[in-house]
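Look at the two complexes coming up: chain A is in both, with chain B in one and chain C in the other.
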Partner chain A sequence: MILSPAERSYLYDSLSVQPPVRPDARSAHQFRPIEASCSFLPNSNGSSRVRLSDGGEAIVSVKTQVVLTKNESSLISIDVDINKERDDSNFIKNLISSLESILLKKFPIEKLKLTERYSFKVYIDCFILSHNSYPLGLLSLCIYLALKSTRLPLLTSTVNDREIEEQPTFNDDWEASKKLFEPSEHQDDPPLLFVVGIIGNNVFIDPSNEEEEVSENGLIVGFANGEIVPPVQSTNLSNRDSKGISPKHILKAYSMVRNCGKEVVKALNTVVSSDDDVFTSIY
Partner chain B sequence: MEVYSPEGLRADGRRWNEVRNFKCHINTHQNSSDGSSYVEMGNTKVVCLVSGPMESPSSGRKPNSSSNLTVSISMPSFVSNSRKKFKKNDKRIQELCIFLVKTFEQIVIMKNYPRTIISISIVVLSQDGGLLPSCVNAITLALIDAGISMYDYVSSINVGLYDTTPLLDLNHLEENDLSFLTLGVVGKSEKISLLLLEDKLSLDNLEKLLAIGIVGCHRIRDIMDQEIRRHGNLRLSKITNK
Partner chain C sequence: MDVISIIRPKVTGYDEEDSDVEMSDVEVNLDKDSGLKTDVVTPGELVTDDPIWMRGHGTYFLNEKTYSAVAGSILKVNRLLSVIPLRGRYQPETGDHIIGRIKEVGHKRWKVDIGGKQDAVLMLGSVNLPGGVLRRKSESDELQMRNFLKEGDLLNAEVQSLFQDGAASLHTRSLKYGKLRNGYFVKVPSSLIVRSKNHSHQLPGNISIILGVNGYIWISKNVSSNFDSTNSKTNKHEAKLVNHGKEYNPGQGTLSIPKLEESSWEIYSDKNDPDISESIRSTIARYVNCIKCLSHCEIGITEQRIVTAYEASMAYENAGSLIDVEVMENIGSDVINGEKMRGNG
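Now for the complex of A and B:
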């Protein structure tokens, strides 16, 4: 998006006053409205779709496969695909590395363990239909929903195959399948990433396209189980030259993410619990 | 697996002349495209986004040399049962795009859109047979939503042959086992605008398949027409209530 010098200066000034005035009248800790649904792909273990009010939309599918644990370097594989964009672009590579950096560290791997020898391998495939602002926050919400809606078949064979070699067998009945993340146990939720924009002394969550254009810097903050978790990365949201971040900004961003994170998780969990039928249409 | 039982039932419980559950919606992505639609044929789910008519980026250089209508199909790696990465220039996908362009160049009133581009982008969410038919149906709906002038609807379906029995609207398993043809029909007429037959089929069975296919296409057209009218009425009521 190209802003004229006048627009740029107006946006910059209104976002740097105390409290910031955002172009869509949100408060600094408020998200844009999202539309979300999950469990609609019949071929996947879990799936979700999230759409922002600016038209940005992502679809995530979670598929699993039984693998020999010792043959796999990682039990989680993430792939991002953007409509009409090259697979090997730097933009996509950066998104994947940001997502990997949190998911590989904060994913409760022991949930994937089947027996002594075998595990589930989780393939997270993200597809971005369209995006206007930096899509990392959107993807993270979508991945959270997809993982929360993931169902795995129930293991019927023995868990201990240390002595006797045995292939794991599963219950055919999909009704008996178990959720990867049970709704009752909240201590092991999948991690989330939040994008925070910085202008002047202000920080604001979920920046829109115009806000990204004038922002001086951006932060990516990880959040899991009610706490801030590493990685915390700085990122350039606009192509203009950026300014440095002071520790004050980071502390502000931390407290903001800690407060909104809980609300976001609560909202997403309601989506998961209300949407649990593969035969519903997604639109 | 038994494709067609002696009692006249297929593996998924349908009779020979029954189509799968067909669902469609238009105007699903009003903020990110000029026209959009979502089509579900059984477990095949397709989203179509149309942008245009818009100025072509290279209109100065080559006004009429290439087509003004472009189609691109994206297949994310999760579409089929087993995970498979599709390349952007996959030959099969390129071929499908060409069929779709050829079909819709004849249906869209192209003389109304000189020196402009209509770009159609299809995203397949889930693949269970009948990919080309669902793309055709989704494009028809999305073009209507974009307000692009067309002569009529094109509706499409595939028909397979089991021994001497024609089977309507095949799913993925049936497509693998039977020889089948895909046809697209213009509106309520018997004009065939798209016909694709990639397997061997005896000539005396062809007429039978075409006959049931045309009936199937008309049925699909009716469902699509219903959805368009439902959406039109919804918009009208929004305007009149203001």
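Now for the complex of A and C:
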């Protein structure tokens, strides 16, 4: 996106006053409205679609496979596909590495364990149909919804197969399936990543395309179970030279994400539970 | 605390039982004189099988029958039949007041993105250059083109003429045209802009707005045009530097109008007004959201409607709540109801 010098300085000045005047009058901690739905792909264990008001859209599908635990280096595999973007481009690799760094660390792996020998392997496939701003925030919301709506078939065979080797068998009644993340267990929700833009002394969440273009720097902050979790990365949101980050910025971003995160999780959980009703009514 | 609002996708489901509509049941509105459909047509729909009609834009001819190529309404001029698309790229017409963004600097011309099928052309000869209106463009002007307008710059201009292929040629030969400063740029579909006599307006709250016919809108602080000379000097200085020490006097050897020369570098300055207050900035943001509301509700955008929407938006203290779909629809219906009450809806 290219801005004229006058536009750029107007946006920059607006975002650096206290409190920042964002171009769409949002407050610093306010997200753009999204449209979300989940559990709509019949062939996946969990799925979700999120659309942003600026036209960004992502679809995430979660599929699982039973594997021998000792043969797998990781039980989670993430793949990101962006329309008109090469799979080996830096842009995609950076997105995947950001997502992996939080999911691999903060994912409750023990939930995937089936028996002593076997586990579920989770494949998270993300497809970004279109994006105008940096898609990591959008993708993270989408992955959260997909994982929250993921259902796994109920294991009917024995859990202990250390002595006698036995292939796990499952209940073929889908109604008896279990959710990967039970709604009651608030303690381990899937982790989320938030993108925070920095201008002057101000930090603001979910920057739009124009805000990214004028921002001096960006932060990616992880959030899980009501707390800030690693990774906290700085990222260059625009193609222009970025400025340094001071500890003040990081602290501001932390407190903002901590406050917003809870609200976002609450809103997303409402989506999951309402779509879950639809799901159970079909089967 | 308003952090995020999530809406559910609208289900445009069709009833499973009556999903098929019998074609014979559909009543087709036919014009009595011409035997043509009068309402909206969709691409591929038969418009007429009468070979007497000449086929205009938005139609195609197959096996002696005329079909619509776009979704839109039928327009008949004598025997010429065309379909005016409901949506689509902006089609320039001579005299349109538009806003564009410089895309490319070329030989004696700028290519300007105006949201149309083709980029518009702004010739070096159709702009006001420093040194007065009445002068020839010299070679040094050609070398200076990036000091006047460069890639990314926004300007407002008028469509001077159209080329054979429909591309527009622009001009900025008036002080009301030229580079845009002190504000914010919004884009809406060009079909929503209602053509009128005047496209630049003053809005309550000390705000100016330019409603480009091509759907590009510029909202800025209302600046009275008393130029200070500091900006013009800086730009002039840049111009000298580029010229490798060779003195560049705008319009050398030609007659210049002194009054215009004083202000001339001003019109190409990139510097915003240094004191745009926070309240002006938030007012601009609120107007931007109001325009997005109108655009979301597919309401034609006029000065009056923007003001009405702005007044309706005052019910929401926090202008940030105007980005919610529900609020946008409320404001849209407020605008429509307001017009109905006044009897011009």
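Note that in this section the second predicted complex is superposed on the first by the 276 of 283 C-alpha atoms of A that agree within 3 Å, B and C clash if a C-alpha of one lies under 4 Å from a C-alpha of the other, contacts with A are read in each partner's own complex, and residues count from 1 in each chain.
Operating definition for what follows: a contact is a pair of C-beta atoms (placed from the backbone, for glycine too) under 8 Å apart; a residue touches a chain by one contact, two chains touch by 3 or more.
Note that the coordinates shown come from a computational prediction; the quantities given were computed from them, not determined experimentally.
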Touching partner for A:S89 - first (chain B), second (chain C), both, neither: neither
Contacts of A:L3 with chain B and chain C, given as first, second, both or neither: second
First (chain B), second (chain C), both or neither touched by A:T156: neither
When both partners are placed on the shared chain, which of chain B and chain C touches more of chain A: C
Chain B versus chain C as contact partner of A:S53, first or second or both or neither: both
First, second, both or neither for A:T270, with chain B first and chain C second: second
First, second, both or neither for A:A25, with chain B first and chain C second: second
Touching partner for A:I34 - first (chain B), second (chain C), both, neither: second
Which of chain B and chain C A:S255 touches, first, second, both or neither: neither
Contact residues common to both interfaces of chain A (with chain B and with chain C): 53
Residue numbers on chain B that touch chain A, as the complex places them: 23, 25, 28-29, 31-33, 38, 40, 43, 45, 47, 49, 72, 74, 76-81, 83, 88, 121, 123, 125-128
Complex contacts: residues of chain A adjacent to chain C: 2-7, 9-11, 13-14, 17, 21-27, 29-37, 49, 51, 53, 259-260, 263-264, 267-268, 270-271, 274
Contacting residues of chain C [partner chain A, same complex]: 1-9, 101, 151-154, 179-185, 270-272, 276, 278, 281-282, 285-286, 288-289, 292, 318-320, 322-325
Chain A - residues contacting chain B, complex: 40-44, 47, 53-57, 59, 61, 63, 65, 79, 81, 83-84, 86-87, 123, 125, 127, 129-130, 281-283
